[in-house]
Amino acid sequence: MKRLGLMVVVAVLASLVPNAVHASPIVEVSKLQGNLTISAATSLTDAFTELAKQFRKVNKGVKVRLNFGSSSTLIAQIQSGAPSDIMASADLTNLEKLVASGNVVVTPRVFARNAMVIAVKPGNPKSVRSVADLASLSFIALCGKTVPCGVYASSVLTRAGVVIAESKVTRGIDVKATLSAVANGDADAAIVYKTDVSAAKNTVVGIDIPSAQNVKAMYGIAPIRGSKNPAIVKVFIDFVLSEQGWQVLKSFGFQRP
Amino acid sequence: MRSRVDSHAWKLDGEALMSVMLQGSVRQGRLILDFDVVVGDEIVAISGVNGIGKTTFLRVLAGLLPLDTGTLQVNGIVLDDVDHQIFVPAHLRNVGMVFQDNVLLPFLSALDNVAYPMMATGVGRQQVQQLAIDAMGQQGIGHLAQMKPMQLSGGQQQRVALVRALISKPQLVLLDEPLSALDADARREVRSWLRDQLKSLPGTKFVVTHDLVDIAELCDHEIAFMQPQSQLSGNETQTTIVR
Amino acid sequence: MSTRKRRVGAETPAFVWVGASCALLFLLLPLVGLLKRVAWSGIFGSVTSGPASEALRLSLVTSVFATLIALVLGLPLAWVLARIEFRGRSMVRALVMLPMVLPPVVGGVALLGAYGKSNGLIGGWLFDVFGLQLTFSPLGVVIAEAFVALPFLVMAVESGLRSIDPRFEESAATMGLGPSERFWKVTLRLLAPSLIAGVAVAWARALGEFGATITFAGNIEGRTQTTPLAVYLLLESDPEAAYALSFVLLAVCVAVLIAMRGSWMGRRS
C-alpha cells in the first residue's frame, strides 16, 4: 500500500514536470500582471525576442515591450528619462554610466559573452582572411565610435596592429545597420558580433578573428531605478540568468561569461 | 454650337481690296466656327453675344489658334493653309493685339510694356524708349511711364495696352473690347484718338465691341456673329454696313 | 482710422484663435527648447572644429549641388507635366511625387538597388566602365539628396506654371517674341516666385536629408557624414556640439525662409 502511495506521489510529481524548456518551478509567477519595457542592445534582438516569448508563455499577464538600439543610444535615452524597466547592454561601460548617473542602483549582472568576427559578402569575393587584409579594402563598415561594437572593433584593430583611414570607414548607428552595409550595400567587410553573422544566415559570411586579437564582449543586465514593476523585473532578470535563459542565449551563439 | 461669319466687303468704286481673306473653320471646345470673310483695308467691328466666338476669331487671325480647315490670307500672304500644311505662328505675323483684360506684363513698367513690341526689331534701346514715351505722351498717359501695371487702374491699363498694340505699326490690328474699362469721358477721348491712329494705319483693323457708339464712330463696317438658322432658332447671318 | 483697427479679426470665431495659438505654440516650443539647450559661449568653437565643421561644410556643398540637379532636371519635367497632355500623365505625376512620400530609408534602399556597386541595376556597370563608385562618396550624398528634393521642386514649379495665364505668353507672341525668347523673357519671369519657392524647399529638404543619405552614401566622417548624421551621432558623445550644430542648421533655414517671405504666396507682399 505504501509502495502504491509512493508510486502515485511520484507519478503526480512527474506529471507536474513538463519538458525542460518549460520548466516553471514557480507556479504563482503566472499571476504576475503588468507591463515590462526592456531596452536591449541591437545584437540581442533575436535572443531577447525569444526570451520574451518564453517569458510570456509562463507569465501570461505580463506585456513585454522590447526596445532595441545601440547600447550607447539606449543609455542616453534612459538618462533623459525614457521609461525603461531593464537595460541589457552589449558592454559594461555603458551600464557603469547608468550607475554613475543614478539610473541603476544595484550591481549589473553579466549574462553573456560575445566575440567579434569579420563579415564579408557570400563567397568572400575580396579574399579576406585576416584583420590585416581589411586595410587593403576600399570601404569597410564599423559601428559608430561610441557604440559598444565600435569600441570593440577598435580594440580588435589595435590588437591586430592595423590602422584604417577614417575616410574608408562607414560608421553604422548600430550593429545591424553596420552589417547591412555589407549584406545589402557596397562595404567590402565589417567587424561585428559573431552572433550577428549567425543571425544573418546567408547574406554574409564570417571570417574568424583569432582570440589573440579578439575581445571579450561582456553583456550586462540591470534593473532601472524607478521602475513601476520591480517584482516583474526581478523575475525576468532571474529568468535571463537561469539555465533556461542561458540555453536560449546559447542557441543564438552567445558564450558563457 | 456653330457660328457663321460671313462678310464681303466691297468698295464703292467696285474695286475689291482684299486685305484679309479667311475661309475655313475652326473648333474650340463645343464651339464650331465657319468662316467666309473677305475684308478690305478698313476698320471692322465685330459684334455678337458672349460666347459666340468673337475672341476665337481674333485668335485665329493672330495665329494663336490654327484653322482646322481652310485658309487665311492677309495682305496677300498665306498665313494658314490646312491643305498645304502652312501655318505661320503668331510671333511671325505682324499683328497688334489688345486682349480682353489687357494682359500687360506685370513685371515690367508701363513704359517697358509699351516698348516691348519694338524690342524684337533691331531698333536701339534708347530710341525705342523715346518712341514709347512719345506715344504714351500723345495719348496723355506719359505720367504713368514708370508705374507697374498693378498700380494702374483698369482704364489706365487699357490705354497702355492700346498704345502698346499700335506702336509698332502692325499690318493687322486686333482689338478685343479695347474701351470697355474706360468711363464715358475717357471713352470719348480715347475713341477719337484711336480712330485717328487706326485710320492712319494701312491694313485691316478688327474691333470687338458691344458699344453702338464705338461701332458708329469708329468703324467702317460691321460683322455680326450669329448662329445659323439651320442649327437653332437664331437669325440668319447678316452683314451690316455702317457708314 | 482707429475704428478700422478695432474691427480687425473681430468676426473671427473663438475656436479659430484657439486653434491658431495652439498650432503656433506646437511649432515654436521645440524651437525655443532647442535654443535653450545651446551652450552659447562655446558655440563657435564647437562648430568650427572637428567632425562638426566637416559635417557642416559637406552639408552645405552637397545640398547646393543637389538643389542644382533638382532644378536642372525638375524644370523640364515640371514643364512637361504642366503643359503637355499625354496619356498616363497623372500616373507619371504620381510616380514623380513618390520620393516625397516614401520613407527616406526606403528611398536609400531603392537608390542602392539602382546605383549600388555590388548589386545595383547600373551601379556595377558604372564601376566597371568608369571606376565610379557612388556609394560612400560625396557624389552619392548629392544623389541621395537630389532624389528626395526633386519632387518638391517639380511640384512647386508645375503649380506655378499652371497658374500662369497663358495669355501672357500669347501676348508676347503677338508682340513678336519667338518660343525660346518667350520662355526666357516672359515665362521664367512670371514663374520666378514659384521657382524661388521650389528651389528653397528643395534645398531645405536636401539639407535635412538623413535616411536615404545614411543608407546609400553611408556615414563616413568628412566624406559622407552630413550635418543631420553628425548631430545624431554627436548627441551621445558630445551633446554640446550636437546642439550647436542643430542651432546652425536652424539659423540657416530661418535665414532662407525670411529671405523668401512672400514668395510662397506667388507674389511679393
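All chains are identified by letter, namely A, B and C, in their written order; residue positions are counted from 1 within each chain.
The criterion applied here is as follows: a residue touches a chain if its C-beta (ideal position, glycine included) is under 8 Å from a C-beta of that chain, and two chains touch if they have at least 3 such contacts.
On a predicted model such as this, the values are computed, not experimentally measured, just so you know.
S.K.: Chains in contact with chain B and with chain C: which ones?
M.R.: A chain counts here if it touches both chain B and chain C, and no chain qualifies.
S.K.: Please indicate the chain closest to the centre of the assembly, with centres calculated from CA atoms only.
M.R.: So the chain sitting closest to the middle is C.
S.K.: Starting from the Cα centroid of chain C, hunt down the chain whose centroid lies farthest away.
M.R.: Comparing chain centres, B lies farthest from chain C.
S.K.: CA centre of chain B versus CA centre of chain C: separation in Å?
M.R.: Comparing mean C-alpha positions, chain C is 46 Å from chain B.
S.K.: Return the distance between the CA-based centres of chain A and chain C, expressed in whole Å.
M.R.: Distance between chain centres: 39 Å.
S.K.: Counting only Cα atoms for the centres, state how far chain A is from chain B in Å.
M.R.: Taking the mean C-alpha position of each chain, the two centres sit 83 Å apart.
S.K.: Residues of chain B that contact two or more other chains, please.
M.R.: Not one residue in chain B touches at least two other chains.
S.K.: Going by the contact rule at the top, pick out the chain A residues touching chain C in the complex.
M.R.: 72-73, 76, 121, 138-139, 141, 144-146, 166-173, 177, 181, 184-187
S.K.: Quick check on the complex: what are the chain C residues that touch chain A?
M.R.: So the residues of chain C touching chain A come out as 109, 112, 116-118, 123, 133, 135-136, 214-215, 218-225, 232-233, 235-237.
S.K.: Give every residue of chain C touching chain B within the complex, in rising order.
M.R.: Chain C residues touching chain B: 165, 167-168, 170-179, 181-182, 186, 189-190, 192.
S.K.: Which part of chain B faces chain C closely enough to touch in the complex?
M.R.: Result: residues 59, 62-64, 89-93, 95-97, 99, 101, 103, 105-107, 116-117, 120-121, 164, 168, 174 of chain B touch chain C.
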